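Quick heads-up: structures coming right below.
Look for subunit A in each of the two complexes below; its partner is subunit B in the first and subunit C in the second.
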Partner chain A sequence: MLGSIDLTPLVDWSRAQFALTAMYHWLFVPLTLGITWIIAMMETMYVKTGDPEWKKITKFWMKLFGINFAIGVATGIILEFEFGTNWSNYSWFVGDIFGAPLAIEGIMAFFLESTFIAIMFFGWNKVSRKFHLASSWLVAIGANLSALWILVANAWMQSPTGTAFNPETARNEMTSFWDVFLSPVAINKFLHTITSGMVLASIFIIGVSAWFILKKRETRMALRSITVAAVFGLLSSVLLALTGDGSAKQIAAVQPLKLAAMEGLYDGKTEAGLVAFGILNGQEKRESGKPFAVKLEMPKLLSWLAFGDPLHFVAGINDFTKGNAQQGILSIPEKIERGTIARETLTGYKNAKTAGNLAKADSLKAQFYDKAFLDRNFKYFGYGFSQDVNYYVPNVPLTFYSFHIMVILGFGFMLFFALFLFFSARGELPERKFWLILAPWVIPLAYIASEAGWIVAELGRQPWTVQDLLPTIAAVTKLDTGSIIVTFILFAVTFTVLAIAEVNIMVKAIKNGPKNEGGTK
Partner chain B sequence: MAKNFKRLIIYKVWRFYIDGFKDISSWGRSVWIIILIKLFFLFVIVRLFFMPDVLKRDYKTDQQRSDHVLENLTKTKL
Partner chain C sequence: MFESLSYLVLQQYWWIIVSLLGSVLVFLMFVQGGQTLIGNLGKNESEKTILFNSLGRKWEFTFTTLVTFGGAFFASFPLFYATSFGGAYWVWILILFAFIIQAVSYEFRTKAGNFLGQKMYETFLFINGLLATILIGTAVATFFTGSGFSLDVMKHVTWTSQARGLEAALSLHNLSLGLAVFFLSRVLATLYFMNNVDEDTIFTRSKRHLLINTLPFLVFFLFFLIRLLFIKGYAYDPQSKIVTLENFKYLHNLRDMPLVLTLLLLGVIGVLYGIAISLLKNKYTKGIWFTGAGTILTVLSLFMIAGFNHTAFYPSSFDLQSSLTIENSSSSRFTLTTMSYVSLLVPFVIAYIWYAWRAMNKVKISRDDLKTEDHLY
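Now for the complex of A and B:
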């Protein structure tokens, strides 16, 4: 039955559908993650000073947060549906590792966000100022903690740890919650993701406020908002760079092929430079030793950033495809061999069990708990699914360009915040027309950088759904490709309608300004 | 007395939400309409007609599901 399905279009459409829904979902999430902190800070200013202008400012941004939250809420549920429909083998294989964090996330999100968001919006003049303020802070904490659990699950897919595979159930079982929860990949991923939300929200506030200044409306509110967002954004962008550096170090350790793709590095070297800007050649030229048509490189920086040593060897794509004995890097063909043995052991176990040969089944099952077998073979289980070396190499141009777009924009945002803070401190903002006109256009750039980050994270690790263990061809449900195309179109239309609705309601709310928010009386 | 106190708390929470929804602004009404349409679309249309949990739908027991996934893990080849 399995042989009768052409897996390539099925996997491609299933991946396209997941990418579409994940990227649309991510349009709504980062603003929620970041703006809740800024709102809580603004409300703190109101409670501390008693100045009604701060209340007006808080309520205005709260309204925009409410629109974004309402339109974005539950868009992530489609991803969970897709796990069960399109990626059923994956869902079963990951077992409780994915289920537990998502269950905690669901309960936490429900109690923290639902309760305190209600107080945030309905509680003005009904609960005390301090209780309302506490609710606003709890919404920020709750929203970001919700993200934590999803990111812990994602980090496990990038670097599986704290689990053991049970051949009898074909599932991974958690052996250490703390290893899963506190994996360095998870910690870095969480911090990098939430700081990216903070940067995006700060840019959003500066962009919208700049528009108010240009229109000579609500100037006081806009100037105060810019000051708060510029300070918060600058600090967040520094943290974003630091956590990005931490993420790169983790990638170098657990997904070195992804790092090579991010840098377009084909032949590994010591004292590797970091490509600040580059244009890649076509595939043939890239593989024949000329990866770049043009590049601007900062010497030794990649070695230093990835390994803390400017002289360190950084492996290239060819070091993985062909192997590098000197550096102790196994070639993909060697991994294929080892993975094939792991699969054959699993097949032998299944056949022995089916045939009722329990002694043989038990002896083969025991191998899945033997450290030597786990380290030598099962670690490469996923490589047993295809003999094609190139199948295990991610799309280099997409990974490379996404990574560089993200980094270049990230540093640009730092400069953007510093400039706005400088102008704000000198009281020159209303005269800085060029920067005020530019600011709203930086908002889409923040979304592009944010999406590019996820493209690097997810596309850079292809073909894996679970690193080195489960490739997409084994994770996918064997469905009719036509039905996936139908749902792809359905979701594309739905999410586009939602995005248009969000932008329309948001623009209308911005144009209306804070006139109905009260607080100045 | 304790029972009355509990009732009072529940009543206050109930009133809090009811009053909140009654006083909702026009933008609030718009987003609530979007939320309700979206939830209906996701949980009724999408879940029921397009995105079933395949393993739950096609197999009755966990053992059958394990066997099916094991079959895929051992037979799938590109």
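Now for the complex of A and C:
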């Protein structure tokens, strides 16, 4: 499909560039997703009570949001267009489905966000209090709506649904918008992602407020902010855990190899335990039956959490690479064979059509509408691009450690919110020095957990850009690797410099504190 | 409702929507033009602050329109997205880079601890204004003059030039559209400042620079337009779909589509009227609306000439049969139908933008206004 050139360095650099830009973007997005709700709540308190302290609090967090929002926009634009510049074959293969959410995102969400954000920042003295409050809520809705559509698109890549392959155009085409939009993976992914943003924003507010209390500055503002953020954070973290559980169940159903990598499970078993903590061995040892140097396992919990049955069989990596007839799992070599037939049928059809052999072309084309062929061969179309079994296995250590870091930190955050809420309710916060000193240090942990979540989602599904249908080697734009290296460096330097500037500005803005508000307007 | 439309009508409907977004984007690039004029129109820090804050409240509209334009193009004509973005890699990367550095610059410019210093962010804004306008204009010119690429049977693109799209700037015809867009964005910016800023010195300087930028704009635009009418264009046969070169194709398109010709004429008249009345009438501030509307109509008509009347809108000068038409590069009928329902939201979007900005623009930007503002750029 892509000729005989060595694609490995090209794919690796293209992936590295996408990972770099996506991870930088994700440094700034979750705070926007979460803090906009908290700001809207604080402003609601101001409008309801008329207390200028609430206005001061709202404006202070809004100022920090504005700094963060700008760099989120800067790092975001490249991602939309990178699908075309670096993954052009992907763009054609899935553009009929993937483009629609991106367009809807622009029409429905970005305009809403950008219109009302202007009123949020510049409208205090120009529009009525209620209009301003409505604008703040609309910014929160707009920001989260934009997350909805890009996550619908991402969910479709993890679990393609509502589409059919058209051999004429050599691409997937949408057959049901609602199946794409309302796919369980999409709904769960959206809820899990926005609640992770809410948790991160709550931690950010608590961490910064704790610093003010320690410095004995703006104590009233800090205490109020902590109360709002702790309540919001605790509720969000419970939802985060519930949607995380939903996410694991869906992965077990649609991406079982990813689940095996997340748990470092090589040999599948019934009554599988959940690894609470573990250190993996090197690749050789892992593959020869000794995956862990150390592990702490909770018996039967993985079977129960993934399938709702503590006795259920959970497949391991070896079950996929070698196959497991007893459990009805095809081996990767078998999938490669079936996928190769699907690819060759498509190529044969295209060649016959070009040669004017219409009878042969028609008979080959008909196979793509035959359910037996679709189920037996086309389902594994993507496996026809590489004969190397290991190519289809994700990076186990990275997926495993990222998953466990995310989960452990996630539960830690729940405890963190509960403690701060407890101290806040009892009016003890100013005396709880240890927790106040700890709180700002929890902020980077929230970012680590958030990034780790995306590493699990994206690295865990490698090599697929579209699960089982399109691997990265078939999705990449045929560019010379040197160009990608140059742009990788360009974005790495630019985003690093801008991120340093952002953090520096943020720290200065926090140190300067809020402006005192006169009057009640 | 949309289900009853033919596939071709849906493709045409989406070409109009994408064209409209592109036209509005060119109008909104007054922000970019303004960024290149700060040094000419603001002679001290306080005047520059007024100008940056005036533009700073609008830059996100241009940005959002660009993103939506990209999304809509991806959704409706994914083969263009794959071919052009993947093929003309360097042009698009440079354009994107110009927008990345813009997005932070307003917010970071005067903030304490901004690491790079105020001047650097102002330079970023200047670079954005210069690169984005010239490169977008040059890239759009290839819709008429063609690019060197081919597509295989699986629709994978091979670009013939190592320059990956930058080679388009070597053509005087392409470059003339890039420069026309650049000077037009500056013309629009001067008219915008005359309307949005309540400061006599800035008004006077804007008026002078309106004249200075109108002249090169007219030279480059007329060169592009007149030459366009006489070059060979990329036509395709409606039955066989075979692409051929046709003498005076774009002139023929105007002849065959009188409505498009009318749009073009109205657009050009609107642009010129807005400029002329602003130059001739004392203290006239409404020129932006005439020139802005004229810009939208003119660009819209150019997109119509590029894509309608059996014309390949993204032609390949290397392999004619790889050229993209609205028929061979679009999404499926189902997707276009679904997206058409989404397009019904557009009037609501326009309505709330209009409502919100009407409330915000009641007070012009001035020194006094900025004194009471606590979110300053």
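By definition in this document, the second predicted complex is superposed on the first by the 508 of 521 C-alpha atoms of A that agree within 3 Å, B and C clash if a C-alpha of one lies under 4 Å from a C-alpha of the other, contacts with A are read in each partner's own complex, and residues count from 1 in each chain.
Keep in mind that, in the parts below, a contact is a pair of C-beta atoms (placed from the backbone, for glycine too) under 8 Å apart; a residue touches a chain by one contact, two chains touch by 3 or more.
Fair warning: this is a prediction, and the values are worked out from it, not measured in the lab.
With the C-alpha superposition on subunit A as described, subunit C and subunit B clash in the combined arrangement.
Using the contact criterion defined above for the overlaid structures, shared-chain residue A:S386 touches subunit B, although it does not reach subunit C.
Of the two partner chains placed by the overlay, only subunit B lies in contact with A:L7; subunit C stays clear of it.
Ranked by how many residues of subunit A each touches, subunit B and subunit C are led by C. Within the superposed three-chain model, A:E263 lies out of touch with both subunit B and subunit C [touch as defined at top]. Of the two partner chains placed by the overlay, subunit B and subunit C both lie in contact with A:T494. Contacts of A:R343 after superposition on the shared chain: subunit B is touched, whereas subunit C is not. In the superposition on chain A, A:D319 makes contact with neither subunit B nor subunit C. Applying the stated contact rule after C-alpha superposition, one finds that A:I473 touches subunit B and leaves subunit C untouched. Of the two partner chains, subunit B is the only one that A:E168 touches; subunit C does not reach it.
Note: residues 2, 63, 66-67, 70-71, 73-75, 77-78, 81, 84-85, 88-89, 91-92, 118, 121-123, 126, 169-171, 350, 477-479, 483, 487, 490, 494, 498, 501, 505, 508-509 of subunit A belong to the subunit B contact set and to the subunit C contact set alike, using the contact criterion stated above. Within the complex formed with subunit A, the subunit C residues making contact are 57, 60-61, 63-64, 66-76, 78-79, 81-87, 89-90, 92-93, 96-97, 99-104, 106-108, 111-116, 153-158, 162, 164, 331-332, 334-335, 338-339, 342-343, 345-346, 349, 352-353, 356-357, 359-360, 362-363, 372-375. Residues 1-2, 59, 63, 66-67, 69-71, 73-75, 77-78, 80-81, 83-89, 91-92, 95-100, 102-108, 110-112, 114-119, 121-127, 131, 135, 166, 169-171, 173-175, 177, 350-351, 353-354, 477-480, 483, 487, 490, 494, 497-498, 500-502, 504-505, 507-509, 512, 515 of subunit A are the ones that touch subunit C when the two sit in their complex. Those residues of subunit B that touch subunit A in the complex are listed here as 16-17, 19-21, 23, 25, 27-28, 30-32, 34-35, 38-39, 41-43, 46-47, 50-56, 62, 65-66, 69-78.
By the touch criterion stated above, subunit A contacts subunit B in their complex at residues 2, 7-8, 63, 66-67, 70-71, 73-75, 77-78, 81-82, 84-85, 88-89, 91-93, 118, 121-123, 126, 167-171, 343, 346-347, 350, 385-386, 388, 391, 473-474, 477-479, 483, 486-487, 490, 494, 498, 501, 505, 508-509, 516.
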